[in-house]
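Multiple structures are listed underneath, in structure tokens.
What follows is chain A paired twice: with chain B in the first complex and chain C in the second.
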Partner chain A sequence: MSLQDSLFAGFGLIAVVGALYAVITRSLLRAIVALGAFLTAVAGEFYLLSADFVAVVQIFVYVGGILVLMLFALMLSASGVRHPLAAIDRPGLGAVLAYAIGGGLVWASWTAGTFVPAELPEDAVGALGRALLGTQLGPFELIGVILLASVIAALSIARREQP
Partner chain B sequence: MTTPALVLSSVLFAIGVFGVLTRRNAITLLVSVEIMMNAANINLVAFSRVHEPAAMTGQVFALLGIGIAACEAAVGLALILAVRRRFGGTDVQSIDLLKG
Partner chain C sequence: MSHLLTFALGLLLGAVAFTIVGALTAILVLTERKVGARIQGRVGPMHTGPQGSLQTIADMVKLVMKEDVRPARADAVAFGLGPLLVAVPAILSLAVIPFGGPLIMRDLNVGVLYFLAVPGVTVVGLLLAGWASYDNYSFLGGLRSSAQFISYEIPRGLAVVTVVMLAGSLSTVDLLEAQSRVPYIVLLPLSFLIYAITSLAEVNRIPFDIPEAESELVAGYHTEYSGFRWALFFLAEYAGLFAASAFGALLFLGGGNGPLLPAVVWLILKTSALMFVGIWIRFTLPRFRADQLMRLAWKFFLPLSLANLVLAALVMKAVA
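Here is the complex of A and B:
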């Protein structure tokens, strides 16, 4: 087992434990902090899957942006710090469905055959940039429009109504 | 390392499904949805290495997925604030205006 494999397993363990804790804990603040650990571990997995730029974007956007946004929502709604969350609702049904979906997916990925990773180009980040501004320019432009629309929507939804 | 990544992303997706099905707080629901989106992104990045890595399609799609997740979090959290102002809490069971 090489160093890369052990790192992959370690980050995977952190990700799974963080996600599980975020889903079952009764404190909202702890859920968000566990989500932070999960997102950082997923960034590590991206790096090990030789997607350096995606790993950096994951840290910037998810850990630096979305996580802080969630912390703000937690503080503004103030429902989680002192009052614990309601207990898990219908855990049996959820566990059965999640087990079925997860079991099916794991079985499908396990029996999908072997994949041979091909060689990456020398300048991987440069190739990613050329793809973003070349063949994938349409989706890349669209995502900017969607971001603008969602910011305007968020502002107009969260605005306090005039009395 | 593709198959371990696929297995990991399946497990994470199942955890997200469990969270969406069992939690009642809106912010925890959003956390679970983010876990599911990250599982999908792991899949995209893993396959990017296998299928035409020079074209970088998988990584581009993972980046777009992260962008979509940012939009979704912004709108979702604004909705949560509006719901909290209207119903006094973020429990999704308390939103029953359309109930017959």
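Here is the complex of A and C:
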């Protein structure tokens, strides 16, 4: 096994353990921290697969953004110490859904074969940027509209609570 | 077995980086105390070593040997994890700074983005530390720090984008080459100002240090910390100041470019100049209020940096 393979396996192990712990633990705070470990490990996998840009964006958006937002929400809501899984009223349906999605993902990655780091094209980031503002401009702008809508929604909810 | 060796070498490099950052912190704290004393017409520490030069070394030894106190109701895991998550990203962010020639840990092709992304993880640490301490002051400090960081991250990032547009690359080494003739402070003075001011906010320095404002929050997120864990917060603050200054020197002052002297000396000179301005500001300006701080970020810096971005793009288009 090469260094890359063992690092890939190590990050994979961290990701799996982090993801499992996030679902199993009763403490919402610990679940979020475990999710952070999972997200960071996935960034490591991206880096090992020569996707530097995706790896850094994973840290930027998910660990530095989404995770902080989750912690923020947890800390601002007084009741939020219990894990949301403890509050599910139809666990059977949830289990079926979870197994279906999980099984589908396993099947998809099984049939996709083994991982091979892609040859990095010259100026990969530039190509990505041109694609986002060229052929993919429509979806890119749509995401912007969705984000704007969610900001406006958040503002209106926040404003309603004021006397 | 060679890859085990590579792995061990990586660990060793990490230890070396941590040691260098520790030494750097000792020097910076002493400089800050001495410069601050001069600004306020005092002499600063004088008793330990010649001219008080060994004061911070003595302080560090004291900190490491102190008892590690943990509040009885604190969350043990998060309480321990908090300082680590603050200190490690601050040190990691130094990995993409080119000190000249082979003195760069990794020339990532997304180095600039890396530098903006990795220090963001410290917010997770600050929030955890504040929450885990089970103390109102710590908790408020943690919340304030994250709100502040997220707000100032946006104008700071937009200021850096103008540099990236001009250089046409996200690699820190390419940035150096692009500035071999004219440093970007000449072409993008407004971006430099936005970067410098928002960076002070990002590393929680006065006048933006409301997360640890001692007049209202005792010591903010690190109220309940002592000994080595407290030292880690301090280490992170000075590593952050160094990293932000070194990156400012790299983005706007041409980094290691300069005549006669080797690149590493130039970079350290420019970084020191920026850090000196940071210390100078600390002993000159009073602290902002929390609402003033937010208003400044969202109602002044965000529109300004957006306008700066559009202006830079238009000028580039006109010149090209």
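Going forward, the second predicted complex is superposed on the first by the 119 of 163 C-alpha atoms of A that agree within 3 Å, B and C clash if a C-alpha of one lies under 4 Å from a C-alpha of the other, contacts with A are read in each partner's own complex, and residues count from 1 in each chain.
Rule of thumb we're sticking to: a contact is a pair of C-beta atoms (placed from the backbone, for glycine too) under 8 Å apart; a residue touches a chain by one contact, two chains touch by 3 or more.
The shown structure was predicted, so the numbers you read here are calculated from the model rather than taken from an experiment.
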With the two structures laid over each other on chain A, which partner does A:50 touch: chain B (first), chain C (second), both, or neither?
first
Return first, second, both or neither, reflecting whether A:3 touches chain B, chain C, both chains, or no partner chain.
second
In this superposition, the partner of chain A with more touched residues, chain B or chain C, is B
Considering only the touch criterion stated at the top, classify A:42 as touching first (chain B), second (chain C), both, or neither.
first
Classify the contacts of A:75 with the two partner chains as first (chain B alone), second (chain C alone), both, or neither.
second
What is the contact status of A:59 with respect to chain B (first) and chain C (second): first, second, both, or neither?
second
State whether A:150 touches chain B only (first), chain C only (second), both chains, or neither.
first
Dual-contact residues of chain A (chain B, chain C) 53, 57, 65, 72, 76, 124
In the complex, the residues of chain A that touch chain B are 4-5, 8-9, 12, 15-16, 19-20, 22-23, 28, 31-32, 35, 38-39, 42, 45-46, 48-51, 53-54, 57-58, 61-62, 65-66, 69-70, 72-74, 76-77, 79-80, 85-86, 88-91, 93-95, 97-99, 101-103, 105-106, 108-110, 112, 114-121, 124, 127-128, 131-132, 135-136, 139-140, 143, 146-147, 149-151, 153-155, 157-158, 160
Can you list the residues on chain A that touch chain C in the complex?
2-3, 6, 29-30, 33, 36, 52-53, 56-57, 59-60, 63-65, 67-68, 71-72, 75-76, 124-125
Once bound in the complex, which stretches of chain C touch chain A?
2-3, 6-7, 75, 77-78, 81, 108-110, 113-114, 116-118, 120-121, 123-124, 127-128, 131, 139, 142-143, 146, 150, 153, 170
With touch defined as at the start, can you tell me which chain B residues reach chain A in the complex?
1-19, 21-25, 27-28, 30-32, 34-35, 38, 41-42, 45-50, 52-57, 59-60, 62-64, 66-75, 77-82, 84-85, 89-91
